[in-house]
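Below, each structure is written out as structure tokens.
Look for subunit A in each of the two complexes below; its partner is subunit B in the first and subunit C in the second.
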Partner chain A sequence: MKQLNACGLSCPEPVLMVRNAVASGAETIEVKVDDPTPRENIIRFAENKGFKVSETQEDGVFVLMLTR
Partner chain B sequence: MLVGFDTSDDAAVYQISPEICLIHTLDFFPPLVDDPYEFGQIAAANALSDIYAMGGKPVSALNIVCLPSDLDLPSAKAILAGGNDKVLEAGINISGGHSLADKEPKYGLSVTGVVHPKELILNRGAKTGDRLVLTKPIGSGVLSTVDKAGLLSAEGHQTLVATMSLLNKRACEIAKKYQVSAGTDVTGFGLIGHALEIAEASDKALVIKAEEVPLLPEALKWAEEGFLPGGAYRNREYVAGRCLAETDVERGREDLFYDPQTSGGLLLCVAAEKAADFLQDLNTAGLTAAIIGSVEEFSDCRIRVIS
Partner chain C sequence: MKKKQSLILLVVGLICGVGAIVLMLQGNPKNMGLCIACFIRDTAGGLHLHGAGVVKYVRPEIIGLILGSFIISLATREFKTRGGSSPMTRLAIGFLVMVGALVFLGCPMRMVLRMAAGDLNAWIGFVGFVAGVFVGTLFLRKGFSLRRTYDLPVLGGYIMPAVQVVFFALLVGAPGLLAFSEEGPGAAKAPIWLALVITLLLGMMVQKTRLCMAGGVRDVLMFNDWTLMLGTIGIFVSALIVNLVTGNFNFGMEGQPVAHTESLWNMIGLFVVGLGSIMAGGCPMRQLILTGTGNVDSALNVIGMGIGAAFCHNFKLASSGEGTTPNGRIAVLVAAVLLLLLGFANSRRKADV
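The block that comes next holds the complex of A and B.
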């Protein structure tokens, strides 16, 4: 599983990180974000690329689990 | 004072004689493209747009410029040259301005324009049955985000810059021939946000046909891939409860309707019987314009997006 921490980063950086991970072949990605914009953008990107997205929240941090 | 804060119009309007209204506007922002000359052009076109959105003609402009102390002189000059060339294209001159040191560069204009009171285009005035005409494609917020990520094609970048630096001058001049009933320019609040301003000020509902809205090339693909600027989500939140989209409108397309635009086109309401000729005139002038919907009586929802 690929783990990414995009907390403190603003778009387009977080979605770019996920895009790069997918391009390098990752099929299971856990990504942490702390802002609603990258959260929404990553969900859109992942669903567009055929990933299933599940989500948990820890202390204001969204933990997105992308699998396909 | 004819127009102030209350109807979210594009500029302040002050009537000085039975035949002349003064229009005052000001806009400036940090660079959204790397090239300083392009940035100057875009910022100036964007500031001038508020005059055109009111049906006016610019008469004078002042620079507003913030520059970091370590910015190289050629870049600073290029920003101002871009602005100056765009202002000349609008048929006026820059007659002064103000500059100060700041960490991040910012550029824009304060513009004064004039309009005959009868030709003033306001957010209010849309009539039931009017057609909605948009004079530029949307998607500049998404594509600027993609450009920032270094993923936009050279061709895509060119189209983006050309669209954002295109003056709304011709669109405004053509609009005057068709007695538009209401209008605005599409900028930071996105297509739906600005449509909502017209709907609320006119006490009508606006229906937008999703497939008819012109999009910049590649914009839909990148919206679907999640390259939306934060403003798109904030705009969606702002209009929540006042806008309803049919469920079969694609998510990426709907997202673009909230995408904040820089120097976007004019959104104009025109009588149904004049709409086809109006559109033809706009397209003949080289504009990527389209009829994107219509004005209806308000019942429960200000904006409806239909597939």
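The block that comes next holds the complex of A and C.
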């Protein structure tokens, strides 16, 4: 599983991190993100790429689990 | 999720376009129902920060957009004071973006409104805007980053919204302290309360949808994702329709309101705006909206735009309907070079973030 920390990064950097992980062949990616905008953008990108997205929230940080 | 987001963005774009044209029909300058760069510049003039007599007015539209975003982000618990992501660089980018915007005569919002009014100069400038966004995406691919933001003590995020309340109080309660244009674009204004209410509503909708004109082009170029771009398309379509219906559509290059016909400089001006917007993470309107959500880096970007506007008029960098100025032509080239240098300086393949 690939783990990414996108907290504090502004768009589109979090999406680019995910894209790079996808390009490197990761099929399961956990992304931590603390801002609603990159959260939405990551979900949109991941769903476009055929990933299933599940989400938990801890202390204001969204933890997105992307799997395909 | 995507279809719903796309539809909402399109609808909000359509509403923004109508809102902007209504503001124009109610008194704002021609093809300038809403222009973030122009209105920050007018506000700088209204606060006596520059001496250009024709562009002085503390615009309620800027106040409304920041406060609309502030109110909705408080209501939806999205307000969070954060910053520390290269603040000085963000302020400088705001300054440089304003130089580009005032050479073209408009921010991306006004560019779209001018395009929807048949102003071919804006269509030519749009080429430069897309080129600027494209160069920005090249930097992003190379690892461009202004680094992370951090949570900050909450008070900092309230300062800019509070300042907007003060500005509005001065505007309606003590206008004698402010400067007002007696002629020119600064004297063309929609009624204060109408402008405030419309932009409060737009600020809320734009915050909820994250509408951003630079981000729209960026997502198309980088991810082939048209979702965000639908907001811009919505603004264009509704403004075009309302312009056609109300007789404000005038196709051509010559005689366009508050515009000049120097194509090269229109393109370079918007190149600077496009590139700077991508580096700052959003167009000038998005910076206002983020400011309302407690992002103090964006607040600094907005302050940078205000300072930039004052310099542009005090040092004769800003264009007018008669064309660019020699100082402006030099300044916009310098701005482009400085942005490119900032791009290289903040890029590395594996960003140390």
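Here, the second predicted complex is superposed on the first by the 68 of 68 C-alpha atoms of A that agree within 3 Å, B and C clash if a C-alpha of one lies under 4 Å from a C-alpha of the other, contacts with A are read in each partner's own complex, and residues count from 1 in each chain.
The criterion applied here is as follows: a contact is a pair of C-beta atoms (placed from the backbone, for glycine too) under 8 Å apart; a residue touches a chain by one contact, two chains touch by 3 or more.
Since this is a predicted model, take the numbers as computed values, not measurements.
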item	value
When subunit B and subunit C are modelled together on subunit A, clash or fit	clash
Which superposed partner A:15 touches (first subunit B, second subunit C, both, neither)	both
Touched partner set for A:7, first subunit B, second subunit C, both or neither	second
Touching partner for A:42 - first (subunit B), second (subunit C), both, neither	first
Identified clashing stretch of subunit C versus subunit B [146-154, 236-244, 290-298 or 344-352]	236-244
Residues of subunit A that lie at the interface with subunit B and also at the interface with subunit C	10-13, 15-16, 19, 35-37, 40, 43-45, 48
Complex interface listing, subunit A residues touching subunit C	7-13, 15-16, 19, 35-37, 40, 43-45, 47-48, 60
Touch list for subunit A against partner subunit B, complex	10-13, 15-16, 19, 35-37, 40-46, 48
Subunit A-touching residues of subunit C, taken from the complex the two chains share	1-2, 5, 78, 80, 82, 85, 140-141, 145-150, 210, 215, 218-219, 222-223, 225, 227, 281-282, 351, 353
Residues on subunit B engaged by subunit A in the complex (per definition of touch)	145-146, 148-149, 223-230, 233, 251-252, 255
